[in-house]
Amino acid sequence: MRFAGRLTLVAASFLFAAPQARAETVKIGAAFSLTGNAAAYGAQQKAGVLLAAEEVNKSGMLPGITLEVVVEDDGTNPQQGIAVFDRFINRDKVSAIIGPTLSTLAEAADPRAQEQKTPVVAVSNTKPNAITTIGDYIWRVSLTEAQVIPSATRAARAKLGFKTAGLLYGNDDAFTKAGFDVMKSALEKEGVQILGIQTFATKDRDFNAQLTALKGLKPDVLFVSALVEQAGSIAVQARQLGYTGPMLGGNGFNSTKFIQLAGPAAEGVLVGTAWNRASQDPLNQKFIAAMKARGTDPDQFAAQAYTGVLVVAEAVKQAGMKGGRDDVKAGLAKVKDLPTPLGAFSFLPNRDGDHAAAVQVVKGGKFEILQ
Amino acid sequence: MGQQIVNGLFLGSIYALFALGYTLVFGVLDILNLAHQAVFMLCAYVALLLVGSLHLHMFAAFPLAVLAGGLLGIVVDRVAFKPLRGRSDSNISGLISSIALATILEAVGLQLFGPDVERFPLGTVPDRGIQIGGAVVSEIQVVIIAIALLVMGALTFLLQRTRLGRRIRAVAESPLAARILGVNVDRIIAAAFFLSSALGAAAGVLFGLAFNNVAPDMGRAVELKGLAVIILGGMGSMPGAAVAGFALGLLEVFTVAKLGSSYRDAIAFGVLFLVLVVRPHGLFGKAALREA
Amino acid sequence: MNSEALRDLWLTYQSTVAFIGLNGLLALSVYTTLACGQLSLGQAGFMALGAYTSTILTLHAHLPFPVVLAAGTLAPALLAVPLALPVLRLKGVFLAIATIGFGEVVRIFFVNLDYTNGALGLVAIPQRTRLWTIYAALAGALFVLWRIRGSRTGYALEAIREDEPAARTMGIHADAYKLAMMVLGAAFAGLAGALDAHFNFIVVPSSYSFARVVEMLVFAVVGGTAVFYGPVVGAAFLTLLPEVLREVGSRVGMQPGPLRLFVNGLVLLLVILFLPDGLASLPRRIRRRLEARRAAAHAP
């Protein structure tokens, strides 16, 4: 009995091994912040890319090619990020790099990839007028703050009708600073009067002074551009200090970790998002279900990372099932209306991403699309 | 305005507690213990573990964490300072040795707890606001200021009114004279480290509670501010550390409100530099600071 | 191993080799002041000044590399003079604190300087530094220190380090020497900063923190400050060790970050307690131990 079982196993392995005997491996290097200030996003991104690679390989979309994703930690540290890129490019010989998590690191590490002619697909860098400007090997899936915040501001104003605002932002991170710039211009365009602007540093824990100063000016709404750790603290401290008005956050707030950190203080906070999780699109629903089955309640970062792998796979397909670096680069230019959890995805002529955005509000401890 | 003052006193009370620990050891040993910030950090984690995993109430966790800090302080003394006691360059080598120990402890913290920020479970920290006149202060701010003042009061009592306190002050004055008078200098130094690190631990737990933010790098943030405080207050002077702590807290808060957060740290170091150049012994200090 | 594999190995690890050189130079910058008994912990500030000065000249004035390197070396050296003068007479730990303060003030200055993008720093700096540039600079620094060592200046420095009041009584202008060494240390740090900026593509204020200068100090002390090449030994050892241990660490389950810190701290502690003259003194010690044993063996 046991011998027959073993024989069956051996036979089965031959059956399944045969088509793979000729498989070419296309390596993708994923540089994410698994530790450090952006770790909350990195964890989601890692789950996203691994799921995507698995599904692409299973789907047979790329016959004869196996996608292999190598994930490494950039530590939310530019030096470390550069080292990871070096290893991907020279040691692992990847065909493309996905990441890094933060725009600050991207500005440091992407030039290396550009110099070495390795395509980079940014899946969470949202600094506008940057990143893709580094060179023609740098592509972007994530919508920039300039693509998300103005519509979020408009929708929020339509719903809440605020006339004055206070602004708080982190001035030592490329993304939060860029987010602030966009917020300021969006508010000005909407005719909202900005009563006060305060700053903080990413390492700060104490926002009482800034929040007290802003609260004293009695704004109708508070706009905050921060990364998730600080976002959580800011929301909590603002409520503790007695600020009862509405808050609108930038992309940094777009993480379930924010709700976790802020607890009840997160209720009612508005956030523009690149991922409409309520979309009934079957691809989107399947993505959410698959992520949940793996123990992760996905957020925008997971969706974007997942899409990043889909886009690279599509690029390989468009290049004629070829996985070299220049093949991928050529293929990326041909990606058009690709079905993804983010919606139908295309690249703009400047290699930035293009798809529809949405606005969320935190209700009952969860992100909901603002109706 | 009133609210900002509370913000400043609140921040300042933590600085004061931390600096008191620094200055206590400096007063007794003439050495700067740069492992102080590591104890600060680790004991915040101890409190976090006690509350988070063992579900103790803060009232129990706080003294336990402080006790742990004191014990850790004795370890710091035994490992980093005692072996160097006889050496001629013990000031500098002690400093370096404490840096080494701080690095090790930080690594331990990083390995055990990971680099990410940890929070106390929701509900540990009171998050209500209290109306006082026109200002709204958060309950946690009031609680922390009160605890800090209580601790400082207890410390003063201990140093001024108890035999242990008298012995510590004797050793601080002159270890040789104290030894001649029959004081067990080694044990007193250990006691001083116990107290100093207990203060650091208290500051750490309160800091963690205050901002609901415990991370392995939290010591770094306060370490350098602590230096500015003891310089301003005068190295070796306890009242100096307390007063300077509150002063720096207020100064920082008003700087942030008026000039922006980036200048928050600049204020501390500007003050430090100014004091060292103009009046090196600080507000209350009397240590000899210059070469012959 | 064929040449292709060697080349790949080289490309991957050239960063490490470069860092050894840079760290060596930085360690020497801390050493220069230790050599006359001063613990100056503001080198991160000088490094930042060198990095920013040279980078601004490259990006905005498009000056040739040797010129920006020279500027990056001179700027901090000149700035060291007004810094050093008021703090020269401060005793040990107070000097240390004052210089820590200076380093932090420089960092905060750059965090707030909009011209250099504040906290975000300068990016996309062309990579002009080559390995040979770094090692040439290091060799130059070592040469300078070597010449000082055996000369009258060297003896004066030692005297000041051993017993400053006595040295003054003997007519040595301690202040002038201390100032000179601080300026030299600033020059080394500035040069290292300029080289580093043109190697790593970016310059951010957060690289020049107190933690950075502590690292430099660790290199210097671990290597040994009794001989002028000691700090370089320490830098090489401590830069290589985490790379070597990366494999071991993952097997033991320790993350690379904490492992590097732990190793740094442990090595420093062991050195300061048991081998105060640093690793560079090991060969001498071992030789002496062997000689003593040989002498004892031959004793009647």
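Letters are used for the chains, namely A, B and C, taken in the order the chains are written, and counting of residues starts over at 1 for each.
Just so it is clear, a residue touches a chain if its C-beta (ideal position, glycine included) is under 8 Å from a C-beta of that chain, and two chains touch if they have at least 3 such contacts.
Treat the numbers as computed from the prediction; the structure is a model and nothing was measured.
Chemist: Viewed as a graph of touching chains, is the assembly arranged as a line, ring, star, complete set, or other?
Modeler: complete
Chemist: Go through B-C and A-C and name the pair with more C-beta contacts between its chains.
Modeler: B-C
Chemist: In whole angstrom, how far does the Cα centroid of subunit A sit from the Cα centroid of subunit C?
Modeler: Taking the mean C-alpha position of each chain, the two centres sit 39 Å apart.
Chemist: Could you put a whole-Å number on the gap between the CA centroids of subunit B and subunit C?
Modeler: Between these chains, centre-to-centre, one finds 30 Å.
Chemist: Can you list the residues of subunit A that touch 2 or more other chains?
Modeler: 35, 171-172, 201, in rising order.
Chemist: Indicate the residues of subunit C shared as contacts by at least two other chains.
Modeler: 111, 118-119, 255, 257
Chemist: In subunit B, what residues contact two or more other chains?
Modeler: Residue numbers touching two or more other chains: 115, 262.
Chemist: Using the touch definition from the top, list the residues of subunit A that touch subunit B in their complex.
Modeler: 35-36, 39-40, 171-172, 198-201, 203-206, 208-210, 212-213, 216, 229, 233, 236-237, 239-242, 261, 263-265
Chemist: Using the touch rule from the top, collect the residues of subunit C that touch subunit A in their complex.
Modeler: So the residues of subunit C touching subunit A come out as 8, 11-12, 15, 111, 118-120, 123-124, 200-202, 204, 206-207, 255, 257.
Chemist: Would you tell me which residues of subunit B are touching subunit A in their complex?
Modeler: 3-4, 7-8, 10-11, 114-117, 119, 122, 127-129, 136, 138, 140-141, 210-213, 217-218, 221, 252-254, 256-257, 260-262, 264
Chemist: Under the stated contact criterion, what part of subunit B meets subunit C in this complex?
Modeler: Interface residues on subunit B, with respect to subunit C: 31-32, 79-80, 83-84, 87, 91-93, 95-97, 99-108, 110-111, 115, 220, 223-224, 227-228, 231, 235, 262-263, 265-266, 269-270, 272-273, 276-277, 280, 288-292.
Chemist: Using the touch definition up top, name the residues of subunit A that touch subunit C in the complex.
Modeler: Going through subunit A, the ones touching subunit C are 35, 75, 78-79, 82-83, 86-87, 90-91, 104, 107-108, 111-112, 134, 171-174, 177, 201.
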